[in-house]
Structure formats: C-alpha cells, structure tokens
Amino acid sequence: MVEAIWGEHKSLEQLLAALQGLRQGQEICLVTRLGAERADALLAMLPSGGLDPGAFRHHADARCLVSHPLPEPDPALAPVAILAGGSSDLAVAAECSLALACHGIAADLVLDVGVAGLHRLLNQLEALRRAPLLIACAGMEGALPTVLAGLLPQPVIGVPVSVGYGVSAGGQAALQGMLASCAPGLCVVNIDNGYGAAMAALRILRGSTTPSPQGPGFGGLQFEHGGQPEGQ
Amino acid sequence: MVEAIWGEHKSLEQLLAALQGLRQGQEICLVTRLGAERADALLAMLPSGGLDPGAFRHHADARCLVSHPLPEPDPALAPVAILAGGSSDLAVAAECSLALACHGIAADLVLDVGVAGLHRLLNQLEALRRAPLLIACAGMEGALPTVLAGLLPQPVIGVPVSVGYGVSAGGQAALQGMLASCAPGLCVVNIDNGYGAAMAALRILRGSTTPSPQGPGFGGLQFEHGGQPEGQ
Amino acid sequence: MVEAIWGEHKSLEQLLAALQGLRQGQEICLVTRLGAERADALLAMLPSGGLDPGAFRHHADARCLVSHPLPEPDPALAPVAILAGGSSDLAVAAECSLALACHGIAADLVLDVGVAGLHRLLNQLEALRRAPLLIACAGMEGALPTVLAGLLPQPVIGVPVSVGYGVSAGGQAALQGMLASCAPGLCVVNIDNGYGAAMAALRILRGSTTPSPQGPGFGGLQFEHGGQPEGQ
Amino acid sequence: MVEAIWGEHKSLEQLLAALQGLRQGQEICLVTRLGAERADALLAMLPSGGLDPGAFRHHADARCLVSHPLPEPDPALAPVAILAGGSSDLAVAAECSLALACHGIAADLVLDVGVAGLHRLLNQLEALRRAPLLIACAGMEGALPTVLAGLLPQPVIGVPVSVGYGVSAGGQAALQGMLASCAPGLCVVNIDNGYGAAMAALRILRGSTTPSPQGPGFGGLQFEHGGQPEGQ
Amino acid sequence: MVEAIWGEHKSLEQLLAALQGLRQGQEICLVTRLGAERADALLAMLPSGGLDPGAFRHHADARCLVSHPLPEPDPALAPVAILAGGSSDLAVAAECSLALACHGIAADLVLDVGVAGLHRLLNQLEALRRAPLLIACAGMEGALPTVLAGLLPQPVIGVPVSVGYGVSAGGQAALQGMLASCAPGLCVVNIDNGYGAAMAALRILRGSTTPSPQGPGFGGLQFEHGGQPEGQ
Amino acid sequence: MVEAIWGEHKSLEQLLAALQGLRQGQEICLVTRLGAERADALLAMLPSGGLDPGAFRHHADARCLVSHPLPEPDPALAPVAILAGGSSDLAVAAECSLALACHGIAADLVLDVGVAGLHRLLNQLEALRRAPLLIACAGMEGALPTVLAGLLPQPVIGVPVSVGYGVSAGGQAALQGMLASCAPGLCVVNIDNGYGAAMAALRILRGSTTPSPQGPGFGGLQFEHGGQPEGQ
Amino acid sequence: MVEAIWGEHKSLEQLLAALQGLRQGQEICLVTRLGAERADALLAMLPSGGLDPGAFRHHADARCLVSHPLPEPDPALAPVAILAGGSSDLAVAAECSLALACHGIAADLVLDVGVAGLHRLLNQLEALRRAPLLIACAGMEGALPTVLAGLLPQPVIGVPVSVGYGVSAGGQAALQGMLASCAPGLCVVNIDNGYGAAMAALRILRGSTTPSPQGPGFGGLQFEHGGQPEGQ
Amino acid sequence: MVEAIWGEHKSLEQLLAALQGLRQGQEICLVTRLGAERADALLAMLPSGGLDPGAFRHHADARCLVSHPLPEPDPALAPVAILAGGSSDLAVAAECSLALACHGIAADLVLDVGVAGLHRLLNQLEALRRAPLLIACAGMEGALPTVLAGLLPQPVIGVPVSVGYGVSAGGQAALQGMLASCAPGLCVVNIDNGYGAAMAALRILRGSTTPSPQGPGFGGLQFEHGGQPEGQ
C-alpha cells in the first residue's frame, strides 16, 4: 500500500505525525512538494518520532521525500513515457515518475522534445510507440501533448507546468491550451500535478493488466492525496 | 474507420462537402453540435451532393448527425458508465455515448446521480464497479467526478457541462472544481466536450483489450475532430 | 462586548493603539491574522501602553491574539460543528472556533472529512445531526459543504480556504464551487474568512435562543471587524 | 413536501415528465426560471400528461410556475424581509418570496432602498428590526447587504443580481462586493439565486422555531433543486 | 490609396456617409465585418448617395465589401502564405487575404494544416519556404503558428480565431497560446483581426522591397482602420 | 429638478409607472438605454397613464427618451468638450451630452479624434483649451483620454466604450487602459456610462460657478440614477 | 513647479539622477512608493550627487520622500476631505494628502468612517459639506464613495485600496464596486493611486478658483508622473 | 550561430551544462533573465566546467549574460529603434537590444518618450523615420506603440512591460491595450519579452536584406529559446 501526503501547506510537526501514523501500517510513504531545506529538517526530526531516517530518501529534482525500499517495477508492463519540453519542466516530470515508481510502474523520461524543435520529437516517435501511455509535461503555450496526441494513438495525459512569464506565468496558458486542444482524446490534470497524472496512469494501467476491473488486484489500492490523507 | 466533424462553426455547404469526401472512403461519419433545424436542412441538401439521406440519422438529444449502420459493440468489453447529475447534462452525455457507439463501444447512461442526493449515487455503486471506465458529466459545482473518484478505482474522466447561472454559467466553475479535485487520478476534458471524453476512453480501452499497444487493432484508427478533419 | 481587529495590514503601533482604546471599555479583544513573530513583538510592547501581557494569549493555530478570560459557553446551545478536509485547513477552522468562543459559543472541530474519503464523513453523520449549525472549511475543489448540505438539514456555512495550487491556488476554485453548489441553501463567506463565518453563525444562533429578535440580548452586541473597529 | 425544478436548461418534455412524477407524491411543485411564453406552452401540455392546469399558476414577476394551494404561513414567525434597490431586482426578490411561501414562510418585499438614497433605507430601519432574517438583493456594486449588516443584528443573506452594465454586467461586481464586505457575518449565495437564499433562510428559521434540530418538523423537508430533482 | 472601415458597430447610414467621403478621393474602400444581409442593404442604398453599386463587390467568405477594381499584385513579391487549420477559420483568413489584395499583394490560402494532423503541414513545408511571410490563423489551442515558427525562418504573424467552445470560446485560449509560445519571434495580433495581420504584413513587405523606408513608395500609404477613418 | 431612469432592465409597465410618479413633481425626466422600438411602444402607452406623448422626445443616437422643454444652457459656462474616436462611440457621447443638457450645460461633440490619427486631435488643441472640462469616450485600447490628459490641464473624465472585438470586446481593455494611464489626474467611470460622466461633470462644474458648495444652487439638485429612482 | 517620480520600479541610482535633474530647476520633488529603508539609502547617497539631504524629508506613513519647503496652502480654498475606512487605508490617504500639499492645497484626513459603522460617517456629514471635494479611499468592498456620493453633492473621487484578502485581495473588488456604483457622478482612479486622486483634485480645484480655465494660473502647472518624468 | 537560454527557471548546474554544450559548437551564448547575484555565482562555476569566465560578460541593465566577442553590426542596415516610456522599462529594452547585437544588428535606445509627454515623442519623429523597424516597450496603459504606429509607416512591435500597480500590475493592461489598438498593423509579443521582440525583428530584417528568403544567409540561423535549447 502507498500513501501520499501533500507537503506544501503542512508544518513539519503535521508531517511527522502523518508519517508516524502511516509507517505503523507498513505503507510506502510519499511526501510531495517538499524542498531540500524542509526535507532535511524533517529527516532530523524523525528519530524523535520513533522513525528511522535511513528508511527515507529525498529526491531534490522531484521535491519529494519517499520511504524505502520501493517495489520492483511490474515486468509485464512497458515503461510509461513522460515527456517534457525542457529542463524547466523537470520537477513536475520527476514527481510523476517517482509516484509511478512507488506503485511499481517504470517510466522513461524523454526531455528536450518541445514543439519549437519538432524534429527532436519526431526522432523519438518510434520509441514512443512502445509506451502503453504518454504523459506530457509542458509550460509556455503547452502545445506538446496536442502534437503528441495527433501523432500517436495511446492515452495521453497533459500536465500543464507553471514555468513561464507574462501570459504563461502560473501555467494558465498551458492549461487552457491543453483543454482547448484540437487533438481529440487528450486528458488534462491540474497545473504542476505530476502526482495526479501518475495516479490517472495507475487507474488506466491497472485496468489494462487485470482480467476484470473489479478483480483482487485492485482491492489493496489506496488513493490518499490532496490534503486529507488517512490519520492526519 | 470513423470521422468526426465539428458542426458548430461550419456552413451547411462546408458540411456537405466534408460528408461527400468522407463517404467516398466508406467511413462512418459523425457530425457533432448540429441542432435539429440545421440537421434537417443538411439532410435535404444531401441528394444534391450524391448522398443518400436514408443513410444518416439525427439524434436530437445528442445534437449529432451520424451515418448508418453503426458497428456492433465489442462483446469483450463491459459497457462504459456515463454518469450525469440531471437531465440538463443529457446533451453532453448523449454526444459522448454516440461517439463511443461509432467505435463499437457500448455505454450505460446513469442519470440523476448528483452529489446533492448522495444516496442515489451510493445505490448505484455496485453496478458501477463493473464498468471498465467512468465518464462523469456535471455542471454547477462539478463535484460528481470528485466523489466518484474517491469511491471507485477505475479511470474517471470528468466532463464539465455549461449549465448553470451566475458563477457556474458557461461551465467554468465545474471545470475549475474538477481540475482542483482532491481525489487523485481524475482526468478532465474541455467544457461540454462529450466527444473528447469518448475519444479519451477509446484510447484507454483499446489499450486494455489489445495484446500490444502498437498492434494492428490500432492501425485503422483515425482521430479526426476539432475543426480540421481530412478532406474538408 | 467583543471587539475584533483585523491584524494583517496594520503596524504594531496601530494594533497597540487599538488595544488600548478597547481595553478601557473592558471589552474582549480578538486580533486576527497575527502570526507568532508579530504577536510576540506586540506582547512585548503592551506594558509600554499600560496593558498587561498576561491578560492576552496568542493561539498559533488560529493566528489570533485574544484577551482573557473568555466567557463561559452558553449551556443551552449544542456545540457548532466546524468541519475541514485536512490539516491544511486548520488555521481557518481554528480562527472560526476562537471567534465563536469569544461570544460564548462552543464548537467541535471535525477534521479529516474530505469528500475524497467519503466514508469518514458518513461515519460522523449521526454526531453531526446534533449540531445546530455546520461550518465547512474546504480548499481544493471545495465540495465538502455541498455534500454536507445534501445530507443534513441544518444551516450550512461554506468557508473556502486558500490552500491548493494551480487552479485552486488562492481559494478561487473552492469559492466558485461553493457558490455554484447544486445543494440548495448553502451560504458562503469570503475565502479564509473563518471570523466572518463565526459572526454569521452568531447572527443565526442568537436568533434561535432569543424570544424576539429585537430583545435585550441583542442590545449589547457589537460587530466591529474588517478594517474599521471603533477607536482605531 | 416541496419539490423545486430548475427550469432554465430543460425542455418542456423534461419538465412535464418531472411534474408528473412529483404530483403523484402530492408534493408542492415549484418550477423556477420559466418565462411566460414557455410557461403557457407547458400549461397547455399538462392535460396530455394527466395533470390539471388549473392546479398551477405562473407568476410572471418571479418567472416561476407553482402548484396550488400553497400552505398557510406559519403564524409563529414574523415575516422575513426581502430588500431590493430597485424594480430591476424584482425578479430575484419575487422568486425568493415565492419559494418561501411554498414552505409556509411569509415575506415582506421592501423595494426602493438602494444605498444611493440612504434615507429611504434609514426610514425603514425600525420596521426591519422586527424581521427574523433579512435577504438583500442588489445588482450594480451590491452594497445594500453591507450597509444593512452594519445597521442590524439579524442574519443577513446577500443575493447578487445580474443587472448592470460594464463591470457590473452579469452580477460579478455585486458578488465580489458582498463577499468582500467589511460588515462581518454577511452570508452570500450565487448570483440571481433567489431560490437558494430562500432555502438558506428555511434552514435558519426552522432551527429557530424547533425544539431540537433533528425533530419531526424537519423530517418531511426535502431539498430538491439545482439540476437533479428526484424523478426527473 | 486604400481606406478601410470597420463595419461592425456602424449603422448603414454611417457606412454610406463614410463611403461617400472616401470615393470622392478615388480611394479603394474596404468595409470589414459586414455580413451578407447588411451588405445587400448597403448596396441598395448606394445610389441614393450618388455611388454606383456596380463598383463594389461583397465577399461573403471574408464578410467584406470592397470597391473595384483592385490593383494588380506586385509581381516582384512572392505570394504571402495564409495558413489555417480548418474551414472554421476561413472568414478570418479571407479577410486577411482581401485586405492584402487591396494593397496589391498576392496571398496563397493554405487550409487543412492543423497541428493535430501534422503530416499535412509537413507536406507543405517546401512550398511554404518560398513565401516571404507567413500568417497563421488558428482557433482552439492556437498551436499552429508556434509549430510553424519552429520550422521556418520567415516572419510569422499569428491570428487567434474565435472559434471553439468551453475554454477556447472567443479565442482567448488561442491568443494566450500564441503569446506564450516557446518559438521565438512569433508576433501576434488581436483575435479575429485578419485585417490587422494584413496591415502588419504590409508594413514588413513594403520595407523589404523599398530602397529606403522613407522613400516615395511609402508616401501615399494611408492606414485608416479601427473606428476612426478619415471623413466618417 | 431632473430625474433619470435607467431603462435597460425595466419593463414598459415599470417605466410608465416611474414616469407618472416623476411628472407629478414637474421634474425633467430622462430615460436612458432605451432603443427606438421600445421607446415607440412606451410613447404609445403614455396616454393610458395620463401623460402627453408630445412632451417627450426620443433621441435615437443617444438611445434616450427625454421630457421637454429642456432648460436653457447656463450662459456663464463655456461648453464642455465631449470627444470620441469614431462614429462607433457616438451613442455614449450623445447620452452624455443629453444628460448635461437636462441640467442646462452645453457640450460640444468632437468626433474623429482617435489617437491613431493624432494630427486630427492636435488640430483641435487650441479649441479644446477653452472647455472647462473634457470628457473622452473611447473603445478599443482607450488611449484617447491618456493622450488628452498629457496635453491639457483641465479635468478629464474617461468613458470606456464597449465597441471592439477580441480583447477589446465589452470595453474591458479600454477601461483597464484608462485606469492604468501614465497621465496623472485622469478620472474614469464605468464602461458606456455616458450618463455617469455627465453627472461627474455636473458635480465639478456646479462647484466652479457657485460661491460656496453648500449654497442654494445645489439645494434643488437631485441625483437619481442607477436602478433606484424615487417613486419607482 | 512640482515634479513627481514614481519610485517603485526604479533603482536608487535612477532616483538620484532624476532628483539631480529636477533640483537644478528649483522644482518641488515628490518621490512616491518609497519605503523607509530605501529612503534612508537614497538620503545617504544625496551628497554624492551634490544634493543636500536636509532639504528632503521622508514621510513613512505616505511612503514618500519630498523636498522642502512646501508651499503655503491656498487660503481661498477650504480643505479637501480625504476619507478612509480604517487605519489600513492610511498609506494611500497620506500619499494623496502629501501630493496635494506639494501643490498648496490643504486636506483633512477623516478616518474610521467605514460603511459597516454608518453612524460615524453620518456624524461627520455636516463637516463634510464644507469641503470643496471629497476623496474616498476604501479597500474591501469599496462601498464608502458610493454611500458618500449618495449623501453629498460635491465631486467625489474614489480610490480603491489593495487591502483585504480572498476576493478583495489586491483591491479588485473595491475597484469594481466603485465603477459599478449606483450613485451617479462618482469618478474612480487606479487601485492605491493616491497621487492620481490628488492630481484629479488639482485639475478640478484650479478650475474652480480661476477666472478662466486657460488663464495664467495654469501656465506653470506641470504634470509629470507615471514612469516618465522629465529628465530621467 | 547564436543560442539563447532562458535563465529564469533553471538551476546554476543546468545553466553550466547548457553552456558547456553550446561552447563546444563555437556558438554565441545568451543567457536571459539572470540577475547579478546568480550571474556572479555562475561565472565562478565556469572554470569547473572547462569554460573561461573572461569570455563572458554580464549586463546588469539587461539581466543577461553573454559570451564574447559579439559580431560586428551589419553596416547595410540602419539601427533599429527601441523606444521606452521611462527608466522603469529599461530592463526589457536592454534585453532586446543585446539580443539584436548578438545577431549583428545595431539598435538605438530612445527613452523618455511616454505618451503623457507627447512632445518628447514628436521631437524624435524625424529621427525615427530612418529606422527600418520600431520596437516600443511600455508598461502602464501601453499606449506608446499605438501612437507610434499612427505616426510612422514602418513595422512596429509592441512589448508590454510588467511595471505598474493596480490594474497595470504584471503588464496585463499594457498587453490588452496593444492588442486592442486602433492603429492597424501593430504586432505584439508576450509581456517583458524583449528577446522575442528582437527575434521577430530578426525575422523581418533578414528578409529585407536577403535576395530571396530561402537563401544561404538564413542557413546558419538557429532559434533556440523558450525553455528547450538544444543540448540541455
């Protein structure tokens, strides 16, 4: 079982209490939106709560703290492709990748494939055909998932990213662009919501590897994110 | 093969020309956003373009014109569940259902399950567990897909609907609510985009019944919607 | 008599002067939106203004400074229920609870009842039936008061909370969702306005325990909040 | 029992079907947002559905159709005061008044009390003190409920009205003004939501005349509005 | 000399008076935003104003009335390329093309090149290299000019088009997407402003065929559009 | 005495009743926002209300109905200058001019002075210096009052006009531009609010010709506009 | 002569250079939006630029630096009244007052007159009748100038203030409320623009004390504010 | 060849890696949006990456780091004119100028030409006629490019600048004003996008000095900006 805690608006005391509750249940814990400085402070507090700091690792790129070990990736599933236009979108793509890893799903990060340099994306097209699902992170005008959905038939999840300035500051232009997309069948999640895109992928992929959707494989799945995890 | 034409901003002459081009290729044609009056006028113009009006049918509920016959539903797939809070959301739900039918996917319409009368939704929960995928259409505050995603593990696609008044006029409040959802893994499409939700479902479901994502089942698939279908 | 001072945009000198004026009248003083650091500085300045720091207490959770003693809760009134989805909404709920306490009204905080985990809310339903009034604080999509108002007949006051990111940053999505609610009879106050929700509850509850609305119990009531308290 | 149907986005056939379902249960039916022309057409269709047009009446001012007879007003309750700045706000005030009447609650309409002519409002102040609750409908800048809440201690519900032009077109300026009000304890509902204000008043007033909130007086109460009434 | 009159907010009497003034000066007159019905009525009024209806022609596609004859296209200049995703964008593209024709500049319309069907655009790439300037009209998410500017080095002018629904209604999403574009050097004009794009092209192209910018070729140029042409 | 009635959201019956009330008091009546068709219908209804249609005149340009005779213009005051960029802004300028005339203040309309043809404005500069006050009506980007306030020292009132398309539709761009103006001392009223600009001018000009502001010249002045005139 | 420099976006080096230029011309210099810390640093730099720090004074309340001596107030003019709801609006009111003082116009600050405590405003009404002009600064819902303009006949300039939270954060709700005001003749300036309100007052008041508007009293007036003062 | 890197959202490590990649190719490197502090830190890190800090220079005004030497300006081209209203717009104008210099295009900065002091702009008119292209940077209401485009026939690129407060904060009012401009042929780029304006100018100017647009002069041109430069 995996439990996620949205770390942004919580005090370190609240985070510690949440982790204590979850670790008793032997769950994998993922704390999102936690920068390096706050993560270090939290790690230093863990012993006082009876937790072993060595069982946690902070991923600076993803701004996430996660408990270890993570499950082995499911060998029956080709890696999900997570695409991003540039290094500025990396934090969102990495949060998404790590959230998938917590659920035993491998992902390939495909960077530098923005639509302003289309040939780099076209060069990757054959490799992308092998992925069961595409997650496209993009700021600015957010056209990457639109172009992708026009080229490939798999499920495409667009994640607007809050990089940019002027009209693209905050990710609104990218969000609008993805929702307004002329490429049919593109799904969208909230701005910067790498974790949510991973959970949407999980819903889709579990269905595609399970004999019937109401089967036992689903029984143990727990979605706990967005401000109100169990036990806080 | 299926081709969709977005009917809202096109003249009848443009629609006729598009249908002529597509019917030469023996494709199933779906014209969306076409009210009864414009549909009747278009049907009356078909013979002048060498087309048989008897091969088309207008669905007033869905505001769509579609060519016939439609394919048989895929028997290997349980019907998709399309949920809506009330009869005001029916047009979007029906467009979605018809678009799925064009691709041989059956759907159940589950109406009257708004969150203000939660017991009606809870009564349907067991039946909903059998659906491979849930599409939730909602106007007003748009909370239905959030509640649904908290209760069930399948993929959930939220479709904001432009019914309402004041802050909910135009569907913006429902859209914001679905994107901001505290239930992780909820995907969203544009306001009133029943067709787009169907195409997202198609991308997901084809993957789940196909041995490998790049297999032949996908080869003939054509996504042509949103203002620029082939041959217009 | 109770006087509230909105502390956010005032200098410490302005706050001190306001407190001096109010304490001469033996009034209970509530300073809202005052973090721990500014509160400590203000407490240290009190003696220079002839005030006793021991008569004030800072509540870090509520970000409020309040004078003591507070009145005994009215025994004729069951506690108001203040609900919140997660620990991120705690500051707003606590401000609301403290403001009620200043007026002698008890409140129960009911946390961890977000709509993504509906069973936790349903488990509390019987207990909630005993409350004369429900105040629901929610960020993200803000669906909690909608679901609540669909389940229970009491007055429900929705308080949007400014936690969230992307479209829910600043609390606008929660506000729109509450106003657009399909559950009739839901009332809304400004984002993060825990104090305002408490004052609305006070208006409602004083009416329900008083023989006639213009009776003497109301005579001494003083609403002084929002930038222009008496004597500033 | 009372059932309300939001008439704006429903076809006449949908409305007829809803009324048929509700009348079987002997319920009082209120159809809101229904202009004279559509109401006449619906009345003419009633016999075909086995319903007696004589049992319904259309109120043009309120743009509502209601079944008759309405219940006698509760004699234990002083009339609610519904205030409005001018005749342009009348439709919203009348919808509110009619919805209260369906539940046996009397209301006084107090027109021509806009804040630009403050003396007319001040002249009514003593009379307003006798009302158990104040509902203030206002377009333009929407300052009426703010001024009212500063002058009187009862519950005040603000209803923004979509009259105006430029920045006040659609009622957004009035809505923002009411939410931002410096008068504490003001509650707000959606723009033009006269029905919702009535339901909020009902929640408040039933509590104030009932020994305990879960008593039998509430047992039969049914809130069914906002797109998803029972049986549509 | 060419004079343009923005026809949308003017009465037929105002348009007639404006045309009378301009024709005295032997100028080419272009009335934009004039539908077929209003154009017919204006043509019927021309004789009463001493003007010959035969000297004017209405272009229904472009929604423009123009006086004749138009100048011969400048043979020294390759045609400008005006691109559009679909037939829904045709009116804006046609207005742009006609405005260029009034100034003796030829243009090629390149339709059906939306980014959801990227191969159609890539097929045109070599032909597009010959155009001195590219004008890309796009609604929905408006990604066409971004992709174009990433592929080709010429000046690119993006024209957002107000087709679409939900978040793309009114052209705002397309406008934001073009301004936020990650492809550097893309210029944007107002939504639906085909005429403005033509005038921007004229400014650019006259410079490139003229020895010095203040030369005689520019002397006779008159920009008269946007509500206040000479003599209205 | 002058009374104004905002005609836009009122029924003809409401307008008739208002006029009856006002005419008893011998007041000059101005009904704004009343198109020709509704004005004709109202004039035809006047005799049934005991009013003489001959005492009223409809000004189609200004979309106003006004009673006659109007007062003689004050000879001690130079005419106010009302400027507008083009004929599309005429309705707002004319409403403003007529409202001033009701109060005995003369005004000059100065059209065709948009900032895109700056020389036409500069040509009028000397004449404009004689006006005691400048009212500048402008749609599109609304730069006219900014340029004017940079050139002349008198009071300048900017009136944004709702002509335009795309970002200028509804007058929001003009409004923002006037408020953001880099020319200090520019005052702004609501979009299309010609009447309000006239009333602001009246407040300013009465002050400048009256020995003391509380003198008798002001005593009879009645501001009655905006939804709640006396006696409606 | 008076010159104002908007200090917010300028470096200290830019401010020093501007002051050097202006002081050569013996002008009164007003630097707005300059906090205490930056003001101290600028004062310390003045000698290096050949300027005497003793000739300047920083007003912390107004966040302005001004050169001395200021002119004597014009004895022929009663003081302008500057009203504000609470101490949070003080900075804007003080900037306004100081800007008037630079031009020899006296002003009275009338604080604590918010509309939530209407009696405090009504108590000041007789005193306010003596002011030639009223400037009302208000945050939150911004209703103060509306109520004021309904009560008094003088020119009223509304200044929205950016205090508040939720919907009133940034001053937008106050701005909308003032523009939408049902009290006719209210003029508005940009949010927090105390300086602009003072300049509008100056334009109005100079006219009212001058025999003819183009007279010599106006000759020396220089408006230099808003990013582009002379000599920067 | 020139490569630009948008520095704002990248870590110093990411910037160093990007520079290493680009310098191997002997390209001119321009890092935009890089303040003095981060620039110094990056310069100090260069040796560790095998790069010579002496080959780079930081321009504080433009907030850019650039490699040296820059190419000689093209002697066949008159300098581009970059205009700005005040010193607050300098950073954007300087970024634009430096980006042009990287491509061998000279530019003149023309400051202090805001529309509130029109004569300073008119004084420069003759000099401006010699520029092949005008780039106008403006905050506040952004009217400068509108006035400019009305006076001069060259290509005009408007760059909204994010200086200002209230409605002009963030540059939205300036952006809307430029897009809504009544001066035809004005092109606009994103807020603060000095680099983008330079690239648009480059597209235009290369065309005007090159025999045919697909000629060899274009072969080496590389547009690499906006988040996804080659090799990051």
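In this document, chain identifiers A, B, C, D, E, F, G and H correspond to the written order of the chains, with residue numbering beginning at 1 in each.
Going forward, contacts are C-beta pairs under 8 Å (C-beta built on N, C-alpha and C of every residue); 3 or more make two chains touch, one makes a residue touch a chain.
Bear in mind the structure is a predicted one, so any value in this text is a computation, not a measurement.
A.B. asks: Could you name all chains that are in contact with chain A and with chain D at the same time?
C.D. replies: Touching chain A as well as chain D, we find B, C.
A.B. asks: Using only Cα atoms to place each chain's centre, name the chain farthest from chain C.
C.D. replies: Checked the centroid distances; the maximum from chain C is E.
A.B. asks: Given the pairs A-H, B-E or F-H, which one repeats the contacts seen at D-G for over half of the pairs?
C.D. replies: Within A-H, B-E or F-H, the interface duplicating D-G belongs to F-H.
A.B. asks: So, what's the distance in Å between the C-alpha centres of chain G and chain C?
C.D. replies: Taking the average C-alpha coordinate of chain C and of chain G, the gap between them is 36 Å.
A.B. asks: Let me have the rounded angstrom distance from the C-alpha centre of chain E over to the C-alpha centre of chain H, please.
C.D. replies: Centre separation, chain E to chain H: 27 Å.
A.B. asks: Could you tell me which residues belong to chain E and also touch two or more other chains?
C.D. replies: Expected reply: 85, 114, 116-117, 140, 149-150, 166-168, 175, 179-184, 190-191, 223, 226-228.
A.B. asks: Can you give me every chain pair that touches, using the contact definition above?
C.D. replies: A-B, A-C, A-E, A-H, B-C, B-D, B-E, C-D, C-G, D-F, D-G, E-F, E-H, F-G, F-H, G-H
A.B. asks: Can you list the residues on chain C that touch chain G in the complex?
C.D. replies: 6, 8-10, 14, 18, 33, 160, 162, 170-171, 175, 190-193, 223-232
A.B. asks: For a test of understanding, state which residues of chain E touch chain A in their complex under the given definition.
C.D. replies: 85, 114-118, 140-143, 146-147, 149-151, 164, 166-168, 172-174, 176-184
A.B. asks: Going by the contact rule at the top, pick out the chain A residues touching chain B in the complex.
C.D. replies: Spelled out, the residues of chain A in touch with chain B are 4, 78, 129-133, 149-150, 153-157, 175, 179-191, 195-196, 199-200, 202-204, 206-208, 213-214, 218, 221, 223, 225-228.
A.B. asks: Which of the residues in chain F end up touching chain E in this complex?
C.D. replies: Those in contact with chain E are residues 85-89, 111-114, 116-117, 139-140, 163, 165-169.
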